[in-house]
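Shared between the two complexes below is chain A, which pairs with chain B and chain C, respectively.
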Partner chain A sequence: MEISSDLIIIGTAILVAANCASIGVFLVLRKMAMMSDAISHSVLLGIVIAVFAVGGREPVAVIVGGVLSGILTISLVELLYRSGKLKQDSSIGIIFPFLFAIGVILVTQAGNVHIDVQHVLYGSIEFAPFDTLYLDELDIGSKSIWVLGILAISNVSFIVILYKELKISTFDKSLALGAGLMPLLVHYLLMIMVATTAVVAFESVGAILVIAFFIVPASAAFLLTDRLSRMLVLSVFLGIISAVIGYLFALFADVSISGSMASITGIIFGLIWVFGPNRGLISRWRQVSKQRFEINLGILLTHIQKELGSDRQVSTSTLSNSLGWTKEYSEKLSEFIQEQKFVEKNTQGNFILTDIGLKKVENYSN
Partner chain B sequence: MDQKSSKNNSEVENEYSVIIKNLSVTYRTEPALWNIDLNFPKGKMIAIVGPNGAGKSTLVKAVMGLVPITAGKVSIFGKPYSKNRDKVAYVPQRGSVDWDFPTDALDVVEMGLYGKLGWFRRPNSKTRDLARECLDKVGLSNYADRQIGQLSGGQQQRVFLARALAQDAQIYLMDEPLNGVDVITEKTILSILENLKKEGKTIVMVHHELQTVDKYFDWVVMVNRNLIANGPIKEVFTKINLDRTYQEKQRISIQ
Partner chain C sequence: MILEEILSSFMGIFTDYTLRYVALGSAILGITSGALGCFTVLRKQSLFGDAIAHAALPGIGFAYLFAGTKDSLFLMLGAAIFAWFGGMITLAITSTTRIKQDAALGITLSVFFGLGIVLLSYLQSIGGASQAGLDRFLFGQAAALIESDVINLGILSALCLTILILFYKEFKITTFDSSFGQSLGFPIKYLNALLTSVIVVAVVIGLHTVGVVLMVSMLIAPAAAARQWTSNLKNMIILSAIFGGLSGIIGSMISSTTEGMSTGPVIVITITAILGISFVFSPKQGYLFRYIRNQRKSQTSLDNIKTISNTEKENHGNI
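Moving on to the complex of A and B:
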């Protein structure tokens, strides 16, 4: 029992991660990341109304209610920013707290229904093993695994079947329209998948972790690759890794499971942002300083060539005056050009270009 | 190929690929285009000129239904655009897409073939080869797997042209493809368009540089919300028409 409940929790987390991280790629690329924030909060309203309507937490009713409120959110946000001066971020900021707040009011009125705000924000993945699904009174296993598993199959099928349509409408709406591939329809289908994913995932892990899994792994994957297909795979992979490490950390430190999973997504993103190849902070900084060095080298050699034969000949000591560089930097570059045999010193200690140096200058002037 | 409803119509349709009647487009309460009557002839290089905010881009977009039409009709080879989508290729302004998108040059060109593939069908080796051919035509075969953001502005514009070539259309609508590009790109684009023109295709280009209009184009459409002039360069690209096109705004402000 002990092991299997661990497995159920971790399986639930992995499925949530995979579901959110795959769909999240399209949210990030469409610059709609904050829409997932809006949806994953405002689904509360739909869930509460559904629970009131059927008198209990009937999964189908909950999902339908949540998806409807998700679509309501998207439509209201689009209505707001298409109708006037408001930008999309402000529209999101107006709509979702309002819908969420109504949900919160209704929840606090619902003495007989088991939802509380704590649960809404942080979820209750800890209890996933105790919520089993019955088929004709036969125990067929964890409800969350079943529901999330079915969702994963739908999300993967959605992305695989509509991969081309999703890609073209995300990259260039006008081209998709011209190709007859109805970008608006694709947009709303995607939003339905986002809302469904948000509701189902929300049930197990709460609003905050849902947002983290929607946005963070996809953004990290975006920093790592230049291909959409790879970005999808990487995003799911990073999501799953965060879920597993987060769970182990929560066990080890005895802290909130969803809190620690969300933190791990952030830490992994941070690591990739700093250390990532090509687009990481360090590697970009290296590229820039390498380019700067090349440019300054060119400036220096051209300067030496220009002053050659004039009475203002160039030596290490004249550089900070003529080029405005610090003494240390002038010395560093002077050493480098001598090491590389771009220049030699004449009897007065001034630089003269060697053949190699002359070639190098020619390259720069081209 | 053309639907001939009456002799008169069919004559017009033989000569013109796009027929625009009474076209008006309004953004909110601002009229962007006002009552435009205009035909684009086949086998011609057509420039659309006019000051900023004159509705040049809007005109091109309206042909494709990319902006809602307030009044009027556009027909492409005698049919509404929705029935003849595959006859039109559109090259948008470079700034209209996100060049950080995780894709490479070849993939973008291949997207030009998605319309022909239709729903659900996946790109295959055939579309890949065709895309490669088109990329080769614009001189970028060495850049096929380059992430699009790492191409220069001119190269990006050529990728867009290659994408339009892949669509194998009859009408090419282009929104300032020569704006801010390098010399090689400009030459490549013009020579490709010249060939398309010889095949009888219609090339419509929003163009900014007035000095090059008579050098590059056969036909000019001068627009400033209203249609000012439309016809062969020699007949309509005159000082008087230019003044009327570019002074329109002044005239409005005086009123």
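Moving on to the complex of A and C:
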């Protein structure tokens, strides 16, 4: 099987992105995003111990070791947190650096473990094409594609089979408990899937890109939709887009592939944050200024009616004084109300309410 | 034999020129992050330190790219600017979107770190980063500290601690009851910014010794350990600084005994061990004394039951 190495790298990255981004949706919604930070760091310890125990980088041993250390991390964090001695975030911030530090020391001190400490952080996806899997001495293609493909199938089946349970326990834990959907079991299953995904992805792309793919596309998707199913699809889509663009940029600029992919997830998030429909900064700013304009229009017309009612004159020049607006803003608004024919100017240049204007004011006062 | 080695390494602080600076640099970090970490823990912002430490990495890359030197002051300035920026982005995400704090921290952490790696790999490809040893900021390499670095770290640390002492009352009130502080007329917004800035400086100091990845531990663990022994903020800060400094010295000594061992992980393991000891031995909340107290309590209640049943027997004869 001859597949170009570019394709294998992109394929690996796409699979990592899809795996992490789908599971990541639940992490973001359940406010457990930093758990992925903890797990993806501390799996190093399990991987190193597994390599020691087996004497080589056997994929199965590595995955089992990593998942076990992921579960160890979760249990230790919950133990500390439930003991009441520390808050949850403090527990996370203590447990994972500790386990990671032990892992780093083991790696640097043991000569026979062929893991580069820096590659732990930013992976070595560049070498994915050279790491092939053999079945009865038959080359069946890239190892990472196989492993990640199997992971993708299990992740998809996990989400599809437990969709209802995941959904309800994410949004309404007490309902899930009452309906007998076993939220605690779902929680631990989810954590196991996170750990498995983190280990497998960690092997090919390193801890940081794992975190980026877990959290960033899901958060971006969260800004775009209210539906869980759409959020899942969008998150995976954004993850894959980031992987592809990131790879192309890394080739173009000759920089780290995983760093570039992580940066692209951030850029895409930033674009959605600023320009996104409905929830983007710009459209929210527009909504707010539109609302402010509506409110000020109401204030202005009621003000004019009141002043006229008590026989005082209102003109553009008196507005900024009595309503505390800047001169420009008062001019802008009074032009607007004349254009809309809410008011007319009499011979002295003072405002008189028209019939349309009177109706509008009545609407406000109701 | 191990004891002998540790002892000789301890003596090394006084005799070995390099080790003296390594231990001093690590102690400075431990004291500063220990003292300031109390506030991050008490404000439930523990992982904020993790995010801003990671966010500092591109700052180091940019500083080297533009200034072209590996002078630690320039690198620290770049790191501080980006750490600050990362912190602001995190706050902006949580205040302008419905994304919660944990995800916002994760976004800042991973994206900024990714950007940092892009920069480092770019510098490597144009042939600079490996000479400048920028990758040592990942896990810290206190062994690379020289006299001028330590002086810079010392000045920054003194600055942080002076601000902490001057604004102690204000920081205390913003931490425990910020709305009360506001009603008293304290400029809470500026005080929060000032506190964030000193924490950023503490993080930047840590980049040399423990590196960006493990920095969070230096902020949380000493404070959490100190919290086990006292409920008074002043005592907690002092104790936390002592724990931090101690773990810096012990950690750098242990790592100096072994060739090629990064200082950061050893310091982190040391401070976590101190935390573990505090969990067990602290007089009020520790597991040991709680166990003893519980034993005593059950013993007394057992005795009480025995006395009662004995008197019952005496009064009513055999039941």
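Throughout what follows, the second predicted complex is superposed on the first by the 360 of 366 C-alpha atoms of A that agree within 3 Å, B and C clash if a C-alpha of one lies under 4 Å from a C-alpha of the other, contacts with A are read in each partner's own complex, and residues count from 1 in each chain.
Note that in this section contacts are C-beta pairs under 8 Å (C-beta built on N, C-alpha and C of every residue); 3 or more make two chains touch, one makes a residue touch a chain.
Computed from a predicted structure; not experimentally measured.
Once chain A is used to superpose the two complexes, chain B occupies space next to chain C without a clash. In the superposition on chain A, contact is made by A:Phe214 with chain C only, not with chain B.
By the touch criterion defined above, A:Ala262 lies against chain C but remains apart from chain B after alignment on the C-alpha atoms of chain A.
In the superposed pair of complexes, A:Ile9 makes contact with neither chain B nor chain C.
Of the two partner chains placed by superposition, only chain C is touched by A:Trp273; chain B is not.
With both structures placed on the common chain, the touch criterion links A:Leu151 to neither chain B nor chain C. By the touch criterion defined above, A:Val28 reaches chain C but does not reach chain B. Between the Cα centres of chain B and chain C, as seen from that of chain A, there is an angle of 90°, stated in steps of 10.
Between chain B and chain C, C contacts the larger number of chain A residues.
In the overlay built on the shared chain, the residue A:Leu166 is in contact with neither chain B nor chain C.
When the two complexes are overlaid on their common chain A, residue A:Phe222 makes contact with chain B and with chain C alike. Note on the superposed arrangement: chain B and chain C approach each other to a least C-alpha distance of 7 Å. For the contact definition in use here, the residues of chain A common to its chain B contact set and its chain C contact set are 31, 222.
Residues 41, 44-47, 49-50, 93, 96-100, 102-107, 109-122, 125, 135, 138-139, 213-214, 216-217, 219-221, 224, 228, 258, 260-262, 264-266, 268-269, 272, 275, 279, 285 of chain C are the ones that touch chain A when the two sit in their complex.
Touching chain A in their complex are the following residues of chain B: 61, 64-66, 85, 88-90, 92, 96-98, 101-104, 108, 111-112, 114-115, 117-123, 147, 163. Against chain C, in their complex, chain A makes its touches with residues 27-28, 31-34, 36-37, 41, 85-87, 89-90, 92-94, 97-98, 100-102, 104-105, 108-109, 117-118, 121-122, 208-209, 211-212, 214-216, 218-219, 222-223, 250, 253-256, 258-263, 265-266, 269, 273, 279, 281, 284.
The touching residues of chain A, counted against chain B in their complex, run 29, 31, 161-165, 167-168, 170-172, 174-181, 222, 225-228, 230-231.
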